[in-house]
Amino acid sequence: MNYKTIEYLVDDGILTLRLNRPDKMNAFTLDMSDELTHAFYRASDDDDVRVIIVTGAGKAFCAGMDLSVAGNVFGLDETRKPTLAEMAEPDNMPGVRDSGGKVTLAIYDCKKPVIGAINGAAVGIGATMICAMDIRLASERARIGFVFGKIGIAPEGCSTWFLPRIVGMQQSLKWMMTGEIFDAAEAYSGGLVYEVCAADELMSRAYEMARQIADNTAPVSSALIRQMMYRNSAAAHPVEAHKIESLAVFYASKVDGKEGVSAFLEKRPANFESKSSSDMPPFYPWW
Amino acid sequence: MNYKTIEYLVDDGILTLRLNRPDKMNAFTLDMSDELTHAFYRASDDDDVRVIIVTGAGKAFCAGMDLSVAGNVFGLDETRKPTLAEMAEPDNMPGVRDSGGKVTLAIYDCKKPVIGAINGAAVGIGATMICAMDIRLASERARIGFVFGKIGIAPEGCSTWFLPRIVGMQQSLKWMMTGEIFDAAEAYSGGLVYEVCAADELMSRAYEMARQIADNTAPVSSALIRQMMYRNSAAAHPVEAHKIESLAVFYASKVDGKEGVSAFLEKRPANFESKSSSDMPPFYPWW
Amino acid sequence: MNYKTIEYLVDDGILTLRLNRPDKMNAFTLDMSDELTHAFYRASDDDDVRVIIVTGAGKAFCAGMDLSVAGNVFGLDETRKPTLAEMAEPDNMPGVRDSGGKVTLAIYDCKKPVIGAINGAAVGIGATMICAMDIRLASERARIGFVFGKIGIAPEGCSTWFLPRIVGMQQSLKWMMTGEIFDAAEAYSGGLVYEVCAADELMSRAYEMARQIADNTAPVSSALIRQMMYRNSAAAHPVEAHKIESLAVFYASKVDGKEGVSAFLEKRPANFESKSSSDMPPFYPWW
């Protein structure tokens, strides 16, 4: 629980996860990978957390892998010759599996909405990490780059799955193929970030959006929405969504749905009491 | 055929399906679910229908489930404890399956292009229903909301499958996570609606677009295009599309294609005689 | 190697593939299908080619199938009655398989970034062919049309797979359902083309973008990016991307990645020596 590379601060339902190596532009390390992974799983079952905001300490969001370490800078064990068959269980492949993907898979599994507040440079894993978040806000000072081709490697952080679902294939390929660094305005016009803010308004806008979710919606609903959107949208036929949606509405309608409908009819705020830690419906997880 | 909650009006190749409970803001009921489902299957094999326009009577498009009914307002049988295994056959699950998804699956199965003409409030099932339509036009008075999180339930109408395919993941998650109501301008900038019209021009614009399709294209082609786009785009590899497309062009080229090419070369309107009720190629349906 | 319908010109790492039947508006023929297919496979393993630009000779890009030929204008053997089961091996189905899809599947398989430079009319297969390319630039004189419904046939060229991934379902359905011809401005606002250029600046802009890729990125990285983006984005779960990405970064980090990181730290251009013809990592192809 004592993180060295990140801060984990919960206040009034909102977790601020801050990448915290400001003297290194929050460069990513294996420790940061482990700590972020831990933090997302922890927040997923922490009922004091309704919404997560991820940002960086200092001027940068995350400048990518820390290239100053000795040996393989990506933390990989170069003596191995891994095969695709061996990758069937990524947890069994330390020294091989991508440390960025470990984090984005933890984000994918999380029950809580995740807002990225991109305060500055977001490059490499800094750029791919934000693709697994639900909504991205950017300071006008943000600079983003999927620079993998330029340094002779390949995209990671599950970005080849997430990015096209956000911005479509053409924009994804343009950014990935060139490896170019682009600014907040291009990130907005290309569809990667939802809003661009003045640098000194970024966090207040992120908290405003987080409050809008935390104050008005049910925790179990948020968790269901998050998992249903990512998983059902990747199904081959809408009937697969129909099966899950039917059960989700069925069980939620008996609990939070009663309070929600009553509050709506009585024109008062709803008081949802179900917890996403313990009160998910019996068919959850369905995968 | 005597619908109580909708109107089914065919004129010169265009079916206008009007949600028709104007004193209730066209609130959705189990009867409306059954009648809409029936109407889409009927229109699918009605050769007098080339294009379908869906709109609402009065000021609203559809204000969501009718929350004024007694018992479970979603029409669900709360005594049951359904499992995912039981959902394998949704038709066998009355009292459990989502009544909105029943309608959107009927739209998905339909052979005819479907244009949504959103004349006013489209909330809850009113918002998700339009996601299964092919093209959405909105009056400047439209207000749309995926409000499920706010009333403590979960998205339905197969919207977790359809919405991200229209507007991408970030916009989908923003609207779903907040449950906010947004106006026509935001629906347009977010990519949900194709055009925003003055209120008194909405229907004429919808008929204009429907005419453009009905007067210029072949019925069998329309049916093939509709099913190929939704199904092939969800395949894992483009060769799956190639197999279907090859057969579609092969069989169509022998019939309507000959007339279409002749008309093109002779610079005259084509006179397509094939019917989508009886003249679909032998490999259809391929699923 | 002596192409009759196309030109294959390599200069300083960039292949210009020019459709070359200018007196016929570069109308597509079975010969052109075979020659384009051959050219994309050839370029895929030609280390002198880093980036491919596709354009048309004369005023048009490609006006669609050449409708002036005798018999079935799509080159199909009308005596056959093909089934979906028979389509399992498209290579075994001459006279049945779509000649446009043969080309777009060759583009899909290609290791090199592909830029479409749409200099004029791109209709039918001219429109669908560009959907399989990575980035599309259009002259302000471009006119594009998915006209299949108007001539009584159905979409081809794997466009029912590619197009929705570029522009989303609503825009795809609008263009396909109406069969209308639209201009470069609409192609841009709809998301199909990345940029619109003055007619006399189209090729210089295409070469500029090609140079940006060729001069700054590693060949093996480009090939990995291309295949990972198309294939991983269609997976059901991000962990499938994680498996491939982990291996791609693992193997690349030992070779080009070392040079890329050194060059970055030394603030000099990288000198990547790996070839995509012979030096792809051992897990490639993984499918």
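Labels A, B and C are assigned to the chains in the order they are written; within every chain, residues are numbered from 1.
What we mean here is this: a contact is a pair of C-beta atoms (placed from the backbone, for glycine too) under 8 Å apart; a residue touches a chain by one contact, two chains touch by 3 or more.
Here the structure is a predicted model, which is why all the values come from computation and not from measurement.
A.B. asks: When subunit A meets its copy subunit C, do both sides use mostly the same residue numbers (more than half shared) or mostly different ones?
C.D. replies: different
A.B. asks: Cα superposition of subunit B onto subunit C: how big is the rotation, rounded to the nearest 5°?
C.D. replies: Resulting rotation angle: about 120 degrees.
A.B. asks: If you average the CA atoms of subunit A and of subunit C, how far apart do the two points sit, in angstrom?
C.D. replies: Taking the mean C-alpha position of each chain, the two centres sit 32 Å apart.
A.B. asks: Could you say which residues in subunit C touch two or more other chains, in rising order?
C.D. replies: Within subunit C, the residues that touch at least two other chains are 162, 165, 168, 235.
A.B. asks: Quick one: which bits of subunit B touch subunit A in the complex? Just the residue numbers, please.
C.D. replies: Residues 67, 72-74, 76, 78, 80-84, 87-88, 90, 93, 96-98, 101, 104-105, 108, 132, 148-165, 168-174, 176-180, 231, 234-235 of subunit B touch subunit A in their complex.
A.B. asks: In the complex, go through subunit C and note every residue touching subunit A.
C.D. replies: Subunit C reaches subunit A through residues 113, 134-136, 162, 165-168, 191-192, 194, 209, 212-213, 216-218, 220-222, 224-226, 228-230, 232-233, 235-250, 252-261, 263-265, 270, 272, 274, 282-283, 286.
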